[in-house]
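Two complexes, one shared chain (chain A), two partners (chain B, chain C).
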Partner chain A sequence: MAAQSDPQGSEFSAAELEFLAEDEMIEIVPNMRMESLNLISGDFGPFHPQISTQVPLWLAMALKKRGKCTIRPPEWMLVEKLMQVLEAERDSQKSFQPLPFHYVEISRLLFDHARDDIPDIYMVRSLIEDIKDVRFYKIGTGLEVISQRTTALKLNHLTAMEVNIVRPFLVKALQTFNKLDNPEIHKS
Partner chain B sequence: MSQYYDIDDILAEDELVPAVFQVAANGVGLFDSSDETNKVTYEDETIEVEQGSKVELPFWLARELHLRQALSINLPPCFNQKTRDELVADAAHVDLKNRCPYFYELGCKLFSLVGDKTIALLLLAAFQTRYKEVLIKAQTAAMTVAPKFLTLLTKEETKLYEAAQSSMVAFKKWRMGGPRFQRASVLGRKRRPSD
Partner chain C sequence: MESGAGEGSSSMFSTADDDESLKSTTDADLLKRAWRTEKTAPEILHIEANLVQRSLEQIQLMEDTVEDFINNGVDPLIVSLSQMDLDRTMFLLRSYLRIRLQKIEKYMIHIHKTTELWNQLSKQEQTFANRCIKDLEEHFDKSVLSKLPDRYKSSLKQSVISEEDDMVPEPQLDTYVICRTNRSLGALQLDNRRNLLSCSGVEDPVDLNTNDLYAVRYKSIKPLVYCGQINLV
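Entry: the complex of A and B
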């Protein structure tokens, strides 16, 4: 995909990833009454005040901008949960913690638009930043291990943004290793 | 084999390699790099190359003549002992761009033509060490350190570095925020209708 200005075109742009992330479901508490919306992607139930419903993130953003709802932060975005994840990330050297696939994008969207709906927002924000940094560092150390014997690489529980950043570099590196490796096998 | 339309491949094959003619060649146009006017015409002034003379030819020419068994190819100077020693000592800081910006590509192509089996191992070892450096430098993305290091990298390594760099930079820029929609500069200011 990607913006056509990128000749290599092997990655999504960050804005595109954000767009894809907006399909995730999130819980909102509307403050108005509305009929159910029958959209192509699904039916989103009649909205009653103070009764929470699940809607896709883009719809939540739109309603929030018009002041028609408040957003309830997803379960993984609580301070205790994030602290646990951070501890676990720091402890395990090789493996990554399972996290929602689009956690970076979702968190950024919520910070931008739903600032007042998240308790302890500064804490949450700094925790997510730390988690992100630790994971990136782990990716870096993991990549150092690649040698000519590596035919494929498996990184568990990597999220969308991380995959997108690493993808072009990793693919090229593996290709080059493969290219340098082949003649040997044939000749010797 | 080679990518016919790939610019880097074409440029890589343009590197000079020393070769020794096995037969006396007649009418081979030798582009002497120091003298622009030395192009050969067939009517008069055909350059005769004697057997056993050493010349430096671009790789594409050398390979074709090699297939016709007209010459034998030696290793270009960038693969000589001096470079090898430097690579063994500290691969990460060897200035490959100066010697031969298509180090790896050329090495792969030369492998089948020159009777030297150690090229592949040399390339591999060199790349492994340098790759680690590229990785580290790309991730830290310090603008002061980068330029000095970049001048040492061959074409392929530079592409690798830029791939890592650009995606990181794009992500950081996105994270900074900024308007999601930007007004196109073409739209400009509104002008009143002129009536």
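Entry: the complex of A and C
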């Protein structure tokens, strides 16, 4: 009857995460003139050639696909900044660097649709892959900290995709520790 | 990841999420928040009836506008962008309602029994739930229950000697959810049964700082979710 992306309904599918990420704002430089758009999600424009403006990512992608604009990659996607982040990620054993919540989804969308707007795209791509890998590894080791005494867990600076991937395991693990710890609270 | 007090580093990367509390929340944002919360919460939450109504009206308005655009020969780019926006909003609304229906299907008898939860459904959802319950009971009755010996015929209890309705599935309220607060909520008593300082766990109470992600038990933060102070992720 009520179809869902996953039978439990509490996990976001990758497509849904991308949907959420597509509402993030990004800067574009239109190459045409267009009047303001009054949409349900908000009001954007008016669009003048060579004058940059902020629009949601989905709108930017649509305009880019039709060749109506160029995209200005966000500040955090520059090679120097990413290198700093990667360094810092590798240096600290336990803590994560602050990154935009949807950095994976945003970077993926930009790579797919706006390759020519990103300087040093191969470098950027490989840096982001490395950052992802280091963070995942840290998540794995970080999860070992869960024990029966853990009532809450702080997941500082984790991003949307990482949260979604870790969620099923985390929930089950914490619940199981809870159950084994306090049998009288356990509901069948 | 730390299960303890951690440093708060100031972020160079400000995202839309950081500015959420400063922007005025549009209906689109509210709908997104309602969708997210409903998806991650283990039990059914209060229906945002006004929001649903307003969204429906806005969608209707937008549909009419797009039709006008097409009839008046407006730039097809604008038409297609408006259509995309329309599709996105409709997806949010539909998914929100579908998640709720799914939860009703899963826990219909429990919701029916609990007045507090029952009042959180919209009128149409209540009708739906009633029909569902009737259909399910009929189905169980015809296929199995009527053929069982007398003491085991109820669809709510395992047998006549059960004290409560133990055949009714209930949502697991002590499941863990991942959440984030808008404002610093200070110390929160999360778990009453343990007041021990442990080497690896968090000492009770827990400090909830702004914009940090926490995995906590849903039961402990339920009232805060209801009044909107905590966002589920």
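The working rule: the second predicted complex is superposed on the first by the 178 of 188 C-alpha atoms of A that agree within 3 Å, B and C clash if a C-alpha of one lies under 4 Å from a C-alpha of the other, contacts with A are read in each partner's own complex, and residues count from 1 in each chain.
Keep in mind that, in the parts below, a residue touches a chain if its C-beta (ideal position, glycine included) is under 8 Å from a C-beta of that chain, and two chains touch if they have at least 3 such contacts.
Here the structure is a predicted model, which means the values were calculated and not measured.
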{"item": "Touched partner set for A:Leu99, first chain B, second chain C, both or neither", "value": "second"}
{"item": "Touched partner set for A:Leu20, first chain B, second chain C, both or neither", "value": "second"}
{"item": "Touched partner set for A:Ala62, first chain B, second chain C, both or neither", "value": "second"}
{"item": "Partner chain(s) touched by A:Ala152 [first = chain B, second = chain C, both, neither]", "value": "second"}
{"item": "Which superposed partner A:Pro168 touches (first chain B, second chain C, both, neither)", "value": "first"}
{"item": "Which superposed partner A:Leu143 touches (first chain B, second chain C, both, neither)", "value": "both"}
{"item": "Which of chain B and chain C A:Pro46 touches, first, second, both or neither", "value": "neither"}
{"item": "Touching partner for A:Thr176 - first (chain B), second (chain C), both, neither", "value": "first"}
{"item": "More chain A residues in contact - chain B or chain C", "value": "C"}
{"item": "Footprint overlap on chain A, where chain B in one structure and chain C in the other make contact", "value": "143, 146-147, 167, 187"}
{"item": "Contact set on chain B toward chain A in their complex", "value": "104, 108, 111-112, 117, 120-121, 123-124, 127-128, 131-132, 135-136, 138-139, 156, 159-160, 163-164, 166-168, 170-171, 173-175, 177, 180"}
{"item": "In the complex with chain A, residue positions of chain C that touch it", "value": "1-4, 6-7, 9, 11-13, 15-17, 26-28, 32, 36, 39-40, 42, 55, 58-59, 62, 75, 77-78, 80-82, 84-86, 88-89, 91, 98-99, 101-103, 105, 170, 172, 174-178, 190-191, 193-194, 196, 198, 200-202, 204, 206, 212-217, 233"}
{"item": "Chain C partner contacts - residues on chain A that touch it in the complex", "value": "1-4, 9-10, 12, 19-20, 22-25, 34-35, 37, 39-42, 58-59, 62-63, 66, 68, 75-76, 81, 94-96, 98-102, 138-139, 142-143, 145-147, 149-158, 160, 163, 167, 170-171, 174-175, 178, 182, 185, 187"}
{"item": "Parts of chain A lying in touch with chain B, wherever the complex brings them together", "value": "8, 11, 13-15, 18, 108, 112, 136, 140, 143-144, 146-148, 161, 164-169, 172-173, 176-177, 179-181, 183-184, 187-188"}
